[in-house]
Structures are given as structure tokens and as C-alpha cells.
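Labels run A, B, C and D following the written order; every chain starts at residue 1.
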Amino acid sequence: MPDALLSVHDLACARGERLLFKGMNFGLGKGELLLVQGGNGQGKTSLLRLLTGLARPEEGEVRWRGESIRRVGEAYHGEMCYLGHANGVKDDLNPVENLRFADGMHGRAFDQTRAVATLERLGLSRCLDLPCRVLSFGQRRRVALAALLLAGATLWILDEPLTGLDVHAVVLMEGLIRNHLTAGGMVVATTHQALNLDGVAVQRLLVGNVAIPALM
Amino acid sequence: MNLYTYASPANFYVLAGKLIPWFSWGAGLLAVWGLYISFFLAPTDFQQSEAYRIIFIHVPAAWMSMFIYLVMAFWGAIGLAFNTRLSFMMARALAPTGALFTFIALWTGALWGKPMWGAWWVWDARLTSELILLFLYVGIIALWAAIDDVRRGDRAGSLLTLIGAINVPIIYFSVKWWNTLHQGSSINLMKAPSMAAIMLQGMLVMAIAAWFYTIAVALVRVRRIILERERQTDWAKAILENE
Amino acid sequence: MHRFLLAVLRRDLTLAARRRGDWLIAQFFFVMVASLFPLGVGPEPEMLARIGPGVLWVAATLASLLSLTRLFADDHHDGSLEHMVLSPEPTVLLVLGKSIAHWLIYGVPLLLIAPVLGIQFHLSWEAIMVLELSLLLGTPILSLLGSVGAALTLGLRGGGVLLTLLILPLYIPALIFGAGAVDGVMAGTGAEAHLSLLGAFMVLSLMIAPWIAAAALRVSLE
Amino acid sequence: MEWASWSDFWHMAGYGLYVWGSFGVTAAGVLIEVILLKRAGADTRRRLKRMQQWATSLEGEGQ
């Protein structure tokens, strides 16, 4: 993996006193997708949090462009976008305001027309001025996805991105991931659902020791 | 064989096991010697009569309460800086004993205050700071108790110890300042006009005894913590089977 | 750097404006605690004037603690805290911004209410002016040190009570210098020394607390 | 030697309550800490041993 932007070296992760995995190595280059698979409690989410730098590995390190993310820190965060179980959407704000503040947090200039266009593309045109409190879970997830698209990050780290999305949204999401990858982006994702990603370089990583049947 | 060998929990477990009897016996013998000085060698104070003998407990306990806090802060800082597991365990092992000494210092302070100043409690700078120190100890122990995750607990407790350590001198100074304003002249506990050499010697011996006791107790506690945390490792399993 | 700080401020202030009930609770708590004392100790004006500064200061610390439990908790709950920590700016600035926002939302209204309560406690105008000054210097300390406690207790069971236990001892210097300043001016010994010490403690908190709170936040999010 | 008799020693010139109250509580505190420590140590070891036996019994069943 000479051109791997994101690489993991002898990574070990423990939750409490239980060792979830150790000696993990992989690399991910431009245009590649890594699907993290494994049963419940095997450490999928823990691995993703290690990759973001939120959690600290028991051993080993995660590198971005060949340097430990502990060292590059904030520069790495500028090129990475994480979507976890929680959406990070404020209930008291409407979708557009949510995107405005997300942009502010990441030091980007806010482009209202682009934000609105993204939200409309994700099928939220009718709730642009409603507080997110009244939106359904799936709609709030779409707001979070809009923030992900606007972030313009190279690396997406997605924890169960399809949860709560309907069939149309899943198809949309597949399209978004494919576009992102063909544009030279990178994706690390966990999912329980099947993804239709023809023509995409998919790496699979099984976390934990319990083998599960192939999902796709 | 160097210092780093003992930084590994497995080796430290064995080393601590060897050291505990020495420190326990040392603490016992020193305490006997210290008590002998306190009650049989030290003369009656012409001002405070026999009541002053409380200082042989009070002063070493107060010293220890502050010193243990500083040692905890030191181990916490080492742990945060170098990510050494053992230093966090040491910090945890010291806290209950530190709280005990703080309590003893307060209790004996009250029992000394009653005959000397006619009040169980005065808002003197030292006593008040000691009370706040007890609050800090209780807070740290409560924080550890509330956090289930070991790693988070270690780091959170150490951060709290550190900000407390920065704050303790400020608290002491502020209470002293407040005290002088409110009472005109502050009552100085240590202003014994004729601090005989033998009294100082008694306090020192008692303080060293308290040191040995603290080390012995902390080592016992740290061994338990090590065993609990390392129970998945082969050496810990072997120890459990053989004991 | 300051753009990020402003973004955090604007965000927290907007959110607070959307939920007025939340921050009014803390202000009412302040008023109620202070009003309980005359009922407890009796209405003699001399006595009330003597205990007034201390009571108002204690009430201010308690009111700030009440609101501090939610400093990070709401953002933690909906996941936006993680997004903010993962922003390309240092976490210290995030914590600093949120502390300043907390002060603007909860500290500044206390400054507006305090004179009214001062009159209830029969404080002289001079004493009320000094009380205002001491609260102006002292309430930022409450927000700054409180952010450490809020970060340490993030997501814990019974976090609110624990926060109180951890942070109240650290507030003591602010309480002593703050209430002491008002006492000083009432006793005729002047308030300058108290106020400068309070200011020094504020600067020290400003320099140290955000770093420790940022470290605590990263530990709690792990 | 300071003391004429044992009763003098216990009396402490009228300050017996304070002096012995101090030393007594200290001794009690130390004693309680040591006892609690011993008990907690034994408890931990017993608990860990049982957990270990349980783990090995599970392994035995699995085979």
C-alpha cells in the first residue's frame, strides 16, 4: 500500500478490560472504500472512533499521510468528516441553520444557496424552515448527511450511515458514496445493510473473532 | 535490571510484595518509638500543660494529608504525560489514606482547640484549608467511584487532582487573608514559645512512622488494583492459582 | 482562531435564545435562594446588610452550578459535541468559547439582578457598586472553573451532584475575595486589595482552566 | 519520667479526654483502614479466582 493516505499499524483496542482486537493493519488510498464488518460488540464503532482520533488506541497508531494523527491532530480533522450514531443535529435549529453552524465550526464560509441546494437534493425541500425537533429520525439523518457533503472532506468515516433511511435515501446514499469515491475521496463505513456499489473498489475488514455471513 | 523493569505492573507486584513487610514493621517500630517520645520523654508544656501532646498526632497527620495530595498530583501528572498505567494506580492507592490523615488532622485539631481556645472549631486558616482539602479528597474519590471505565477514571481523577493542587495554595492564602481580616490577629497554632528539641524530634519520628504506614498501605492497595486490572494476563492467573 | 471562537459564541447564544426557559430557571434560582435567607435569619436590616454580600455570592455560585451541568451535556447527547471536538480548531478554543458563552448567558443576568437583591438586603449604594464589580470579576471564574467540572462529569450517572462536589471547593477563593470586597467597603477598609486579588484569580483561571477542561473533555469522550 | 502513677498518665492533668480522644481516634482510624484493606484484598482475590474458575469451566464445556 504505497499510496495509502490512511493507514493503521499494529492497532489494538480495548473496551474496559476486554481486548477487542489487536495487531490490526490496513491501508486505504484515494478512491477506496473500507467496509468494516462484524457482529454486535465486536468493536466496529470503537475502531471508527480510533480512526477519528476521538479514542486513544491501546497499542499501535493511526497515520494520515504517513504521520500519526496524534501529531497532525487538527490538520487531519480538516480533511476528515465523521458521522456517528448521533446525528449532531441541534433540535432547536432548522436544517439551514444547522448547516450554517456546522460550517462555522469548521472555519468554512457559509454558502446559503449551496446549502439549500444540498438539502433539496436530499429531499428536504419542504422542511427547510422547520426546527429539526419536528423532523423524523430519517430526515434528521439526511440533515447530517447534508453537513457531510458540504464539509468537502477527503475521508468520510460513517458509522451505520443507512440507519433510519428509507429505500430512496439508501439508493441516494449509494450514489453519494460512489460519486465521492470516483472524485478521489475515501470512505470507511460500517453497515448492517446491503449496499449496492458496483464498480467500486471495496475492501472488507472483519472486526472481532466471530465470522458472520457475507452481507452483500 | 533497571528502573523501567519495575514500571511494569507484573514486576512491581512482586517488588511491592517484598517491600510491604519492611514498611509495616518499620511503621510499627517507629510509631512505638514516637509514642514513647510523645508521652515519656517530652516534658510538660508550661503553657498548654499536657494537652499539647496532641500535636504529636496532629502535626504529622496534617503534613501527611498535604504531602499525600502532592504525591497523588505528581503521579497523576506522570501518568498523563507518559501514559504509564502504574502511576495512575499509585494515585488511586494513595487517596483513601490521604483522606484518613486529613480527617485525623481535623479531628485532633478540634480536640486540641477545645482546651486551648475554648472552642471545638475555629475558622482558622489551617483548619479551614484542611477541611477544604478533605472536600477535595472526597471529590476525587467520588469521581473515581462514578466512572466505570478504568482509563477514563484514571485520567479524569488525575486532572481533578492537578487543578486541585494548583488551587490548594490559593485556597490556603485566601483563607488566611480572610481570617486575618475577620479576627484581627490570627491564632497561630505553631507559636509554641519554647519548642523543645525533643518535641520536634517526637513529631519527626511520628511523621516518618506515618510515612512508612502510608507506603505500606498504598503498596497493599496497589497490589490489589494491579491484580484486578491484570487478571486477564498469564502471570496474574498464575498468582491467583498459587495463592 | 478568533473566527472559531466567535462561531462557538454565536452558536451557543443562538441556542440559548431558542430556549429561554432554561436560562431563566437559573436566574430565578438565584433570586429564590437569596430571598430564603431573610426568612430564615429574620428581617433586621443591620444583620441582613452584614450577611448580604456573602449570601448573594453563595447564591451566585450555586446558580452557576445549576446551569453548568448542561454546559456540554446537551451537545454530547445529540452528538454535536463530537463534531465540534473533531473540528480543525484546538479543543481549548472550543472550551473557552463555551465558557464565555456560559458567562454571557448566566453570569451577566446575575449582574443585572444582583442590585435589586442588594436593596432587599439593605446594602448601601457604595456596597452595591462594589458587589457589581466583584461579580463582574468573579462570575467568569465560576464559568471557567465550572467548565472543568462539567467536562469531567460528562455523561456520568448523578453528574450534577458530583459536579457540585468537585467544583465548590475550587470556588472558595472567588467567594472569599468577592464577598470580602463588599465587606471591606462596608467596614471602611476599602475593596481594592480584594478586587485586585479577585482579578488575579480570574486571569489565572482564564489561563489554566480551559486547558484542563479541554483535556478532561477529550478523556470523557473517549 | 513525667508520670508519678498510671492514673496520672491517663488523667493527663485534666486533658485526658482530649489527648486520648485524639490518639484513640487515630488508632481506630488506622485499625479500621488496615482491617478494611485486608478484607477487600481477600474479597478481590476470592472474586477473581471464582471468575477464573468460571472461565475455565466454560472453556471445558466448549470443547
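Here, a contact is a pair of C-beta atoms (placed from the backbone, for glycine too) under 8 Å apart; a residue touches a chain by one contact, two chains touch by 3 or more.
Given the structure is predicted, the values throughout are model-derived calculations rather than measurements.
Chain centres defined as mean CA positions place C nearest to the mean of all protein CA atoms.
Two chain pairs, B-D and A-B, are weighed by contacting C-beta pairs, with B-D ahead. With every chain reduced to the mean of its CA atoms, the largest distance from chain D is reached by A. Our note on geometry: chain C versus chain D, Cα centroid distance of 42 Å, whole angstroms. A straight line joining the Cα centres of chain B and chain D is 17 Å long. Centroids built from CA atoms put chain B at 48 Å from chain A.
Distance between chain centres (mean CA atoms), chain A to chain D: 53 Å. In chain A, the residues that reach two or more other chains under the touch definition are 56. Residues of chain D in contact with at least two other chains: none.
Among the residues of chain B, those in touch with two or more other chains are 149, 151, 231. Counting only pairs that meet the touch rule, the chains in contact are A-B, A-C, B-C, B-D. Within the complex formed with chain B, the chain C residues making contact are 145, 148, 152-153, 156-159, 162, 165-166, 168-170, 172-173, 176-177, 180, 183-184, 189, 197, 201, 204, 208-209, 212, 215-216, 219-220, 222. Those residues of chain A whose C-beta lies close enough to touch chain C in the complex are 49, 52-56, 74-75, 77-78, 80, 82, 84-93, 97, 101-102, 104-107, 131, 147.
Residues 39-40, 42-44, 49-51, 53-54, 57-58, 61, 96-97, 100, 103-104, 107-108, 111-112, 114-115, 213, 217, 220-221, 223-224, 227-228, 231, 236-237, 240-241, 243 of chain B are the ones that touch chain D when the two sit in their complex. Put simply, chain A touches chain B in their complex at residues 16-17, 19, 56. Those residues of chain B lying in contact with chain C across their complex are 80, 132, 135-136, 138-139, 142-143, 146-147, 149, 151-152, 155-156, 159-160, 162-164, 166-167, 170-171, 173-175, 177-178, 181.
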